[in-house]
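Next come two complexes, and both contain chain A; in the first it sits with chain B, in the second with chain C.
Moving on to the complex of A and B:
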């Protein structure tokens, strides 16, 4: 699978390296949901910068990942959706409502830092 | 002046999820050859991805044919998704947003129509489905 999952502090960072077939995205979903428990992760970042197409299946699977990760007690951020990909998604009517997206990895990490700090202080 | 390059029509057999990636990668390559910009090539690749997945989901096997178009100097791309699957019982229902019999989002076909310039669908129960879409380079 063309996805590397790295552990960085309390977060898991999944970097997609190239176009993914449906089975690869499903495999990524299962690996992330599993590893949130194994590493007791507080947040998950999925870096989709390398994806040149995000179609209905990829969108619904990304949404599934975010919801499943949330049920496991962690937060998900999707980072790096490219301008052309965003345009195609909007034209298709595909969205990621309720799911946090940020411009890039740096913003994604900053978001998780803020979010997990807020939760810790509550 | 060098003669305009001839772009060969190609066909991709779709019978597993890897083929979806192959079809849309070839579609993007041909779109670029035809002269589409990167944004439109992405729309085309996304449409091919949806069409190829429909084949896999509903018919399990079929093909995506990609052909260059040239009409009065206007260039374009024709994509024909063809299968010998069960056919779509109610085409107008399948073209409605939010409708799906596969348990998925159901945005496939209406979404593809919004991405492309021309959309034609023919489906016969027990014989199969053919979807023809076109994109013109404006």
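Moving on to the complex of A and C:
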């Protein structure tokens, strides 16, 4: 199932609705990296609230997205990881080091607002 | 008629005579209910058993135990007695009745009844033997049922209490908007560590906490597993967008954490709980100012 990417002001929001096949995640990665440029986005939010499982491939792809998006000049935040999923990921050593995660979409937007304001002031 | 038939017949007649004897026994016990019960109560008081109960309570319980006992001998089924024993245990365990008391009174009843049988049948030693053959297994089964029922009930209560202690011992407290405090006291075993993590992560989600202070001042020692688990908990909380501050690490725990090579860079540690809360307030943008200056007139 393809993930819909919504544009919200200077941000792109990708809400994952159901478990994804590897190909879908790769497709999401390509689309996001592409659209950061076309929409001149400052930030990317990936909402994983609906996911019961986040495996190693998904984790590494999320990490790739964050790094690629940074190279394209925007920030990435992963939002809505469920408590059980979080613990399972960490136990498997998939800790998403160096990538910002927040509780939910609202927090993610607040984080990006703060971050982009700091960058703008500099 | 073959030998086997003969044997079968004889064993059948033995069991018939056993039930006949038991019937006779029960009739005897029912007839002498009042004096035997009195005798039993006297023996209980003499042995200083069930001192937690008043005389009236003891009398009422003794009467129903006696009746259930005789009933179990009569019907030769233990289900009703089992249910009664459980019910009795539920009532008397909160009074502080000990296992030896329950076993003691049941054995006393067994002895009192055996003596009354002895008094009745002592003239005919052969009949006496047969009566005891019938009485003893049944009486032992009854004694066993009551004692086991009591112990099982105790164990059930202990299990329940353990579960509730576990629940109580890991409260997740909200100190301020978006600030949680998790004070950990006592021994942490792997089971409790898992439960603690679950409660904390759910707490973060429920209260939308941004900072969590885990205070482990009350934890004397931590093994490698639990230390690793703590690191995992801190990481998991980060994935939920919350920062964790660990306070009150004892020298022993600090040593453990370093010896296992736990990645301490990920754990934000502050010396004591006060420092931890201050750090958390700073992270959340709170500023605590004393009001006394404003309160003064002028």
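Throughout what follows, the second predicted complex is superposed on the first by the 121 of 122 C-alpha atoms of A that agree within 3 Å, B and C clash if a C-alpha of one lies under 4 Å from a C-alpha of the other, contacts with A are read in each partner's own complex, and residues count from 1 in each chain.
Throughout what follows, a contact is a pair of C-beta atoms (placed from the backbone, for glycine too) under 8 Å apart; a residue touches a chain by one contact, two chains touch by 3 or more.
Being a predicted model, the structure only gives us computed values, none of them experimental.
Visitor: Have a look at chain B and chain C on chain A after the superposition and call it: clash or fit.
Guide: Fit - chain B and chain C, as placed by superposing on chain A, sit side by side.
Visitor: Using the superposition on chain A described above, determine whether A:52 touches chain B (first), chain C (second), both, or neither.
Guide: first
Visitor: First (chain B), second (chain C), both or neither: which does A:60 touch?
Guide: Touch partner of A:60: chain B, not chain C.
Visitor: Just chain B (first), just chain C (second), both, or neither: which does A:107 touch?
Guide: second
Visitor: Mind working out whether A:91 is in touch with chain B, chain C, both or neither, as first, second, both or neither?
Guide: both
Visitor: Under the stated touch criterion, name the partner, chain B or chain C, that contacts more residues in chain A.
Guide: Higher number of touched chain A residues: B.
Visitor: A:21 in the overlay: touching chain B, chain C, both, or neither? Say first, second, both or neither.
Guide: Touch partner of A:21: chain B, not chain C.
Visitor: Between chain B and chain C, what opening angle does the Cα centre of chain A see in the overlaid model, nearest 10 degrees?
Guide: 50
Visitor: Using only CA atoms and the superposition described at the top, report the least gap between chain B and chain C in Å.
Guide: 9 Å.
Visitor: Taking the contacts chain A makes with chain B in one complex and with chain C in the other, which residues are shared?
Guide: 83-84, 87, 89, 91
Visitor: Would you tell me which residues of chain A are touching chain B in their complex?
Guide: Going by the criterion above, the answer is residues 19-23, 52-57, 59-60, 83-85, 87-89, 91-94.
Visitor: Where on chain A is chain C touching in the complex?
Guide: 78-79, 81-84, 86-87, 89-91, 95-96, 101-104, 107
Visitor: Report the residues of chain B in contact with chain A in the complex, numbered from low to high.
Guide: 17-18, 20-21, 24-25, 28, 38-39, 41-43, 45-46, 49-50, 53, 97, 104-105, 107-108, 110-112, 114-115
Visitor: Which residues of chain C touch chain A in the complex?
Guide: Residues 197-198, 201-202, 204-205, 208, 210, 232-233, 235-242 of chain C touch chain A in their complex.
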